[in-house]
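A quick write-up on the structure given underneath.
A, B, C, D and E are the chain letters, set down in written order, and residue numbers restart from 1 in every chain.
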Amino acid sequence: MLYREAGQFKASYQEDAQIFPIRQDRIGFFALMAVVFLVVPFAASEYWLQAILIPVLIFSLAALGLNILTGYAGQLSLGSAAFMAVGAFATYNFMLRIDGIPFLVAMLLGGLCAAGVGILFGLPSLRIKGFYLAVATLAAQFFIVWALVKFPWFSNYSSSGVISAQTVNIFGYAFVTPQAKYLLTLAIVTVLALAAKNMVRSTTGRKWMAVRDMDVAAEVIGIRLMRTKLQAFAVSSFYCGVAGALYAYTYLGTVEPEGFNLDLSFKILFMIIIGGVGSILGSFLGSAFIVLLPIFLNVVLHSAVGAALPAGFGSSLELMIFGALIIFFLIVEPHGMARLWQIGKEKLRLWPFPH
Amino acid sequence: QEQFIGLPSYRVGPYAAGGSGIYGGWIDYMQLINQRDGGINGVKLTWEECETEYNNARGVECYERLKTKGAAGNAMFQPLSTGITYSVLEKVAQDRIPMVTIGYGRTDAADGRVFPWVFPMITTYWSQASAIVNYIGSKEGGTDKLKGKKIGLLYHDSAYGKESHAIMDKLAAKHGFSVEKIAVAHPGNEQQSQWLQIRQMRPDYVVLWGWGVMNPTALRTAARTGFPREKIVGVWWAGAEEDTVPAGDAAKGYTAAVFNVAGANYPVVKEIQQHVYAKNLGNMEDKSRVGSVYYNRGVVHGIIAVEAIRIAQDKFGKGKPLSGEQVRWGFENLKIDTKRLAALGAEGFMPELNVTCSDHEGAGVVKFQQWDGAKWNVVSDWIAGDRELVRGMIEESAAAYAKEKGITPRDCSKEG
Amino acid sequence: MNTANTTAAASAAPYLSINNIEVIYDHVILVLKGVSFEVPQGGIVALLGANGAGKSTTLKSISNLLRAERGDVTKGSIEFKGARVDQMTPNELVKRGVIQVMEGRHCFGHLTIEENLLTGAYTRSISRAELKDSLEKVYHYFPRLKTRRSSQAGYTSGGEQQMCAIGRALMAKPEMILLDEPSMGLAPQIVEEIFEIVKDLNSKERVSFLLAEQNTMVALRYADFGYILENGRVVMEGAAQDLANNEDVKEFYLGLSGEGRKSFREIKHYRRRKRWLS
Amino acid sequence: MMMNEVAQTESAAAGGRRIGDVILDLQNISLSFGGVKALTNISFNVREHEIRAIIGPNGAGKSSMLNVINGVYHPQEGRIVFHGEERKEMEPYMAASQNIARTFQNIALFKGMSVLDNIMTGRHMKMNCGLLSHVLYWGKAQREEIEHRKKVEEVIDFLEIQSIRKTPVGRLPYGLQKRVELARALAAEPSLLLLDEPMAGMNVEEKQDMCRFILDVNDQFGTTIVLIEHDMGVVMDISDRVVVLDYGKKIGDGTPDEVKSNPEVIAAYLGTAH
Amino acid sequence: MTFFFEVLIGGLLSGVLYALVALGFVLIYKASGVFNFAQGAMVFFAALTFVGFTEVLPRWFGLESGSSVVFWLAFVLALASMIVLGIATEKIVLRPLVNQPAITLFMATIGLTFFVEGLAQGFWGATVRGLDLGIGDEPIMWILDDFNMIISKFDITAAGIALVLFVVLALMFQYTRVGRALRAVADDHQAALSVGIPLKHIWAIVWGVAGFVALVAGLIWGARSGVQFALTFTALKALPVLILGGFTSVPGAILGGLIIGASEKLAEVYIGPFVGGGIESWFPYILAMLFLLVRPEGLFGEKHIDRV
């Protein structure tokens, strides 16, 4: 009975509405924060920071965005990568065209641009539902990428369509080392994750969920469907947009419109499904899983047993195992890793007794 | 004593056909060096593949993972993907690892003064476009005959396809022909409307700036709408067996630019058969692809890598593994003349190369091959583009980049 | 009213028997904690109990629909006609004659009422004429369905859907029907009719019934035997008649106190909640 | 809201309630779906503070009537006058702003949310912090949240569902879900409450509780209630007036006793058994 | 004007081929409510398996390569592989996921996509192959002579095959006991189980049929542009067709295909030049989306029922 909450009483509603009502969780959370902010930057190698931790954080943010839309507001979208692209290219253009604009401001504006585009492509959701909507969001995916390629102004007339991000400068400090980039990303992601948590535990989030669970009933109790759905589209796209900006500025450094393709959208969708639909924690778990799994498989199949396999077979096998593992995870727990975590905690609460 | 080379390969997905051929040829060549010569001056080559699926993010991960492997770190990085090239462009300079992009990547990186760590060798897209125009000119009886002609540019609607626009416009202005640009949306497995448009426009030639399934589809649809295949000239990503075989008879007569030719009769390929495949060490599963365009392109990659290391060893000490920085010097001083090519068994297989501090392209020429329904036949000698025009554009673009990034170009007259 | 029936049924060999089953949802939520009972052939057994006692869960574990809700029978066994059925698919069970009418209707919304009924006969390979006969029989029981036969079930009223769900099960010509709250949402005379149908099928075609029902009054009137479930355990059992006369049952489930039925307006206190278990 | 003071006000229950004027008047309502006539020319009214029952056989059009009242369905013909104002086309969300709340025949709770969140959602009309203050969850937004949580807890106490506060509603048994749905409606402090078969699937004891809740709401807050129910015992005991529908037509209207003795109603609905 | 009709007819013929891929989606959606994203991968897998067999059969059994024996043997073997794949999918993927939310099943099919793509390439290699069905891809002469329009023989034949397939399937699924059961399953898995519909058989049948459709689509598309990974992208062409026609309707798939095919070609020719071309990537999607604003369930799709 390691994980017991007996003896922890809530004396006020404020206490009861905390993000982590259980003490063990709170302690765990702060310990984790201390580690990721204070220990990791110094302990982790450049490879880990640059090739794993930063992308995991950025994808978590994108997954968080999609989770707000799909997990909380129930609107299935396959266009998240396109909104990331909007964020990345908008931020780039703000940095480029407004002299001396601080990076954070440009990033926020980039996010807002993505939010605007999100609202535009969210409009059909008022009439279209489910998979019909999902396919309709593909329109956003293809149209936005097409537009970014087609109008060279967006990429500042670069012949290859690739933009290369300016150096991030905040209060005169240039974020160039992997450590600095990691900390910057981590800080932004943490703030936005907290904001997301706050949204979903207040009326805003409850309205989203109400629309998701039963829109007729939601409307009858006075929720404006249009406003709520569009709000979800806006917030979600904002998150994706910021993730896109970070993708360009703290991760890859250079991006091209085609990098934000349908595959990336699917990847983000995977993250929330594997991680847990409608769960903040799930966005992080899913992102870590989807980023790490292929790398892990790659290392195992190419470095460890690679020599024994015919050329090319390793890569195919990697793909097969990846697909199979996703199916396996869905079967084991259709509600994602966040639910597994929760069940684990419930079991711990009872442990060592079975019930 | 081992020299490590990291290979960010891709063998699944839409790009797999090219990837498996090129990496196969490349690995086989390195295997040949190990088997036949016992390495470069006794230094064996080792390599590790890292699957990128042609995806930028995974390419970056591979880059980071591979860069510290081996005794002296990764000797060079050859991403075989323009996207990944851009993503690691700044990192290679920081990590001091040369990046080699043969026939793709960032065109203006040919200006070695601004991009000391990047080597877009043999030829760039712009040189190629210019060479294609020269080739068409030669078929018409001289570039002056191009005046008033109409060239259709059927391009893959992506950044890659659009690289052709600026240079073609410049060439059109210079030679007095007109360009009709027609976009094909990715993936391009349906081109009915594009070819009907072409039929309406009646261009004299069509330049096929395609990729993947777009190429055979273009040839088939051209056949269907009655456009002569002899009048279609493809780029080197549209000039492999993979692009013509699926089109069947429709591909007969189609010509494409290449910087390496197809064929298994070159001594270097024969030696691979003899030293590698005979010992069952070959990388290609489908052995019939040995000698194909992509395979041979891989062999070219191998030759260039090995020659650079050899030259660098001459300077930094034979018989020991080199760091990336040392290998970079090798690339910058890479000279492969006809004599050397003959010694390598690759005469006519690839062009001569002469890389310098300021010119990282080194050749800028292509050959043209025509498909006869069963195989590619070389139909031209090495044809150069308009070097002056191209170089001008490269320098202009590189200077803009240098300005944006605050880079002071090197003064090449002072380099050793 | 049907004591004769009761004795006859009680003496029959066990037909459906549930032995000490335990059910867990989602790997952690323990819902049934050792439930055992029997349904004799040709009997009508009522399963009573408050909300959440586990009635529906019990029925679903018999018909094997639990797995679709991520529930699992972790202990005990279920036998039908002497054979273990706990590992069978619902399809096999229906073929053996056990069918469940699920709580909350579950009609196929996009199919018409008639198509809904026809799917009920899926497991029977019968001629068109026989199918038509069965259909007519259901329409005879529920004339309302006939008038709505070509509407999509999703648009029909709650009661119509309930009739549709019951009718659909009848189409399978089962030997044993698990009825989950058949009276819910039905107008009073239809409730009576449904129980008359139950009685009719039971006496004419020897169909056995296991009813989970909140309308205790009616259920005990028609059933032979009853079990009272509370918190996942059987807390009381007996012949329907005896249960109906039990003082506690009277008070808790029939709303009858010493001085007879009390007006709903008169009940002042919310809670007594005397329970067998606590 | 003084729900926890029920005990003291018990004596006031009978007399505290005064049936007032007509607040909702439905005139000649007709509604059809394609060929199906759900309602034909129906008129009736609802007075302030009263408990108005709608009964009738299955498919008579009862639920459709509620849907007409709160704007889910738009009748093809007829007038609806609410608080003296006529309205024609109304969207469902507007009903909420006019203080009309309801429960549904097929439970329409928000399945993925906890009981508490469901009920809190019911109060959203009374909350006015915006997105940005929610993002911060500090100061006003937090105060508002807590203040409303208090009100919601009163409803929870009133309906005695304290123990399931944090349970996801999807896991609750049917009867409790019905109760939570009532709680969600009550949280909006409605002046007109529409209940669609609130007691379906309950045993007698639970029905007694539910009746008590309904009567108390009606007594304490003067909430006007329109109720659909098939249990005649309940209807006859607690309603003030009853409308009877049959095949979309009105066949009776009056006090329970009047309705009970109406031969047409007996034939169509009650049957001889009752 | 001739040009207009040429574009229009070409578009309609392409549309039929889009519809052919969409048909695979429709079958599975109708039968299980699963939006099977793996359909594109199945097309690829089917075509590759067929070509693979035409290559190895002559080697294994000394048959004459290119003969009709090889063709039909390869066809049968490829079909058998598709059926095995369908049955395996039912057993391993779908059965454990009965009654799960649609999005979970959708994700599972994306997982399946990866698996099938890996399997196909791992087994047969990543080489691009040609495929010759022996139907000439050349203009029909008399049309060219009389109307100066280019209509390909191949396209006409392919459209003919596709239409036969459509009619057969539409009849088979519309009026039979199985057809009804399929629609029931799509509505409510659990209720379908409760009335004794054997989900596993039904699903195995449907996936088998979808595999057959994928094979036909794969052969036709493969003959047009080679058997290669890009065949999986045919799915992207099919999606707008699917939503325009309605997820659950076979006739909807054809009509949607015709509309999308024709309008996308006309748009590319007449609107494309003004915005720089290449609009085929998104035009069908935007068109379908605008159409949905008018009819949210597509042309013949089932209405979303939400009554309270």
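General observations
As a working rule, contacts are C-beta pairs under 8 Å (C-beta built on N, C-alpha and C of every residue); 3 or more make two chains touch, one makes a residue touch a chain.
Just so it is clear, the structure is predicted and the values come from calculations on it, not from any experiment.
Using mean Cα coordinates as chain centres, the one most removed from chain D is B. Closest to the protein's overall CA centre, chain by chain, comes A.
Among the other chains, the CA centroid farthest from that of chain C is the one of B. Looking at C-E and A-E side by side, the one with more C-beta contacts is A-E. Between the Cα centres of chain D and chain E there is a gap of 49 Å. Inter-chain spacing, taken between the CA centroids of chain C and chain D, is 29 Å. In terms of their C-alpha centroids, the spacing between chain B and chain D amounts to 74 Å. Among the residues of chain A, those in touch with two or more other chains are 146, 150, 216-217, 220, 312-313, 316, 318-319.
Multi-chain contact residues of chain E, defined as those touching 2 or more other chains: 117-118, 121, 125-126, 276, 278-279, 281, 307-308. Listed for chain B are residues 11-12, 16, 20, 157, 185, 285, each touching two or more other chains. For chain B in complex with chain A, the residues that touch the partner chain are 9-12, 16, 20, 23-24, 27, 48-51, 53, 55-58, 60-61, 63-65, 68, 82-83, 86-87, 89-91, 106-108, 157-160, 162-163, 166, 185, 283-285, 397, 404-405. Of all the residues in chain C, the ones that touch chain D in their complex are 25, 29, 48, 50-53, 56, 103-105, 144, 148, 151, 155-160, 162-163, 181, 184-192, 214-217, 252-255, 261, 263-265, 267-268, 270-271. For chain A in complex with chain C, the touching residues are 343, 346-347, 350, 355. Across the interface of their complex, chain E is touched by residues 70, 76, 124, 127-132, 134-136, 138-139, 142-143, 145-146, 150, 215-217, 220, 262, 266, 269-270, 273-274, 277, 312-313, 316-327, 330-331, 334 of chain A.
Those residues of chain C that touch chain E in the shared complex are 63, 65, 67-69, 89-91, 93-95, 99-102, 106-111, 115-116, 118-120, 122-123, 152, 154-155, 168-169, 172.
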